[in-house]
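One chain, chain A, links the two complexes that follow: it is found with chain B in the first and with chain C in the second.
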Partner chain A sequence: MDTLEFDRTNYKELLKKYIETKDEQSLYGAEQISKSFIKNNILPEEIVNLHIQAMIELYPGKSKEIYSSMNFLLETMISYGLAHQEYQSLREKQLELQSEISVAASMQNTLLATSVPKVDDLDIGVISVPAHQMNGDYHHLVTGKDGTIGIAVADVIGKGIPAALCMSMIKYSLESFSEQSANPKLILENLNRVVERNVETGMFITMFYAQYNPSTSILHYASAGHEPGYYFNAEKNNFEEINAKGLVLGVSSDTKYEQYELTLNKGDMVVLLTDGVTECRNNGKFIESEEVIEVIKNYAHLPAQEAVNQVYKYFERLQEFQLKDDFTLIMMKKNV
Partner chain B sequence: MNLEINVTEHPDIILVQLSGEIDAYTAPQLKDKLIPLTNRKGVRIEVDLENVNYMDSTGLGVFISALKSSKENGSKITLFNLKDRVQRLFKITGLHQLIDINLDERGVNN
Partner chain C sequence: MMSSQSCVTIQKEWDIVAARQLGREIAKKIGVGTVDQARIATAVSEIARNIYLYAKNGQVCFDVIDTIDQKGILIIAEDSGPGIEDISQVMEDGYSTSGGLGAGLPGVKRLMDEFDIKSEVDKGTVIKTIKWVRK
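The block that comes next holds the complex of A and B.
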């Protein structure tokens, strides 16, 4: 006898026992049976039917009104049964979608994988964590043929799958541009044209592109409407916002970008991020950029990778481990 | 958090008063209300953002779409009463240069 058949027989026994003794134990048994029924997709009207059959067998010849009322109940349960079936099939579909999305997310990880270049005088730490399965933030680090290090941080409008699809376009364009060892200004101008042609109205991307030249210690950079990063000046011992003007990518095809430069000295630090960092909310209140700087300061003495990990952990705790937005943080420390 | 959208038509302008948060969840609602208004040739739409405390990039996307649509259809759209945080977003993204934002008229709480 399978479990189900056993439960059906057991139902009658438990019912009898309960009617005769009003015993709590049989109510507990009923609870267990109902769980087993749900697991086996037994519909509510089938249970009412089972109840009717059990009553007929246990107390034949009892009041006809009771049985009629039971049939009535059975009829009213049918819609619940249909709703339950619908719920079951939605659950299956949801599981299917979930597994498709996790396949896509792991494809995205492979596709967008980037490794941190080894530079003698620069300690680089990177962390990027998606709020949901797919990441709408993008970062890319690349060593050019001339030995310069290209660092891109981007945020695609919106989250989830549409953002992730847009990302592969950026990656491939960016790879072909950085091959030509162009400067940040030209890279953003070229990328902007590609994005403008390929995204629908109202969609856009923000990007900060920096290029570090180890032989001169100069960081060249340009921004396409991206959240400003921070520069720590070791000599002055202060943090300042890296202000770079520029329109977001994908809105106007002939946008020109301004290029800026910064000479990095020993102990200096550059922090690049996305708005997932600066738009953290604590109990519904937004944190201010001074607070972000304070947190970064607290961990700045650590090696760059450890520092970004700690900063992330801090903000994760602050938001009770529920990221609202994708979170990307890059830290570059000039050692020598 | 929800977004309340209040549209009142005056003889020469359409006033759109927004209240709440503009994010990925409320942006489609705003788009559905705002874009049809921009399709009307010759109208002037003024969007009051005094009671919008939060807006994310999806909100910016709606205003870019509205701007493009108004240019194509010969209408005009202006934003005013922006809170500091919202204004900062337009400035960082460079969109304040494209979209007509009235910076003088700002909410008392700024």
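The block that comes next holds the complex of A and C.
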């Protein structure tokens, strides 16, 4: 006897026992059987039918009205059965999609992988965590032939798969011209043209591009509408926003960007981030940039990588472990 | 092999009930069980309602298939309505149910054993579907 047949027989037995004794044990048995029915994809109309058959066998010749009423009930169950089947098939589809996305996400990780360059006088820490499986933030660190360090942080407005696809394009464009035109202003202007040509209107990308020259300790930077970073001035012992003007990428093909510079001294620190950090919500309110600075300050004494990890952990907890947006934070500390 | 067809013309909502009833009676006559009778009636309802709602005019016909191997009921629904532009889309789960239109064509396919649809825009739609008698 297969499990199904066994359940059918069992159903009748339990039903009989329950009608005779009204005991809890039979009801517990009913619960078990119903789980087994679900596991075997038995639809509600079949259960009603099973019930009718059991009743006919157990109590033949009982009230006709009862049987008619149960046939009526059976009829009303058909659509529930369909809804259940549809739910099952949608669930399977969802699992398929999920596994496809996780393959895509791991591909993205491989494609967009970047390693933190070793620089004698600069301690760099990086963390980037997607809100969903795929990351719409992008960061890129590269050492040029002349020994300068290029640091890019970008954010596609929007998240998920479209944002992630967009980022692959940004990465390959950056790589194709970062060598010959390693200058933040030119890089953004070139990138802007690529985005303007290839990305549909309505999708915006912000980027902060910085270039650090270890021989002069100067950080050159330009911004395309990106979230301002923070500069910690060790001498004055204060944080200030790194404000840089510039239109988001892709709005108009001839956008020009301004380039700024900042000389880093011993103990100074530069923090670059995406709005996933500043738009962390606490009980529905956006947190203020003072609070972000406060949190960074608390961990600033740690080595850069450890510090960004701790800052992330703090905001992760603040958002009850459910990131609302992709989160990227880069910290650079001048040691010497 | 095939016996004579019986058809119901669908123009008013009331005709849906007549089609259901005829489908159920034929199913019962050839020995379809209670649960499958109810499923056939629901499937007929669904395709007849599609005709009533979208094509305005059409018919649902029933035939008995009786071969050495198996016995079953064949339902053919035919209309001269607007047709379906993207059949794949209407056959997708969640497409019609999300709009609250009922089980939709994927539902009909699930209720029955075999299902085939042909449709041409501005010409109409033909649905053929079979339920076999369970041995």
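The definition used in the following text is that the second predicted complex is superposed on the first by the 335 of 336 C-alpha atoms of A that agree within 3 Å, B and C clash if a C-alpha of one lies under 4 Å from a C-alpha of the other, contacts with A are read in each partner's own complex, and residues count from 1 in each chain.
The rule is short, and it goes like this: contacts are C-beta pairs under 8 Å (C-beta built on N, C-alpha and C of every residue); 3 or more make two chains touch, one makes a residue touch a chain.
Owing to the predicted nature of the structure, the values given are computational and were not obtained by experimental measurement.
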Chain B versus chain C as contact partner of A:Glu279, first or second or both or neither: first
A:Asn49 touches, of chain B and chain C: first, second, both or neither? second
Partner chain in contact with A:Glu75 - chain B first, chain C second, else both or neither: second
Contacts of A:Leu90 with chain B and chain C, given as first, second, both or neither: second
Which superposed partner A:Gly267 touches (first chain B, second chain C, both, neither): neither
Contacts of A:Ile157 with chain B and chain C, given as first, second, both or neither: first
Touched chain A residues, chain B compared with chain C: B
First, second, both or neither for A:Gly202, with chain B first and chain C second: first
Shared chain A contacts, counted only where both chain B and chain C touch the same residue: none
Contact set on chain A toward chain B in their complex: 155, 157-159, 201-204, 206, 224-228, 245-248, 251-252, 275, 279, 286, 325
Chain A to chain C touching residues, read off their complex: 45-46, 49, 52, 71, 74-75, 78-79, 82-83, 85-86, 89-90, 93
List of chain C residues in touch with chain A within their complex: 33-35, 38-39, 41-42, 93-94, 97, 102-103, 106-107, 110-111
Residues on chain B engaged by chain A in the complex (per definition of touch): 24, 31, 54, 56-58, 60-62, 64-65, 68-69, 85, 92-95, 97-98
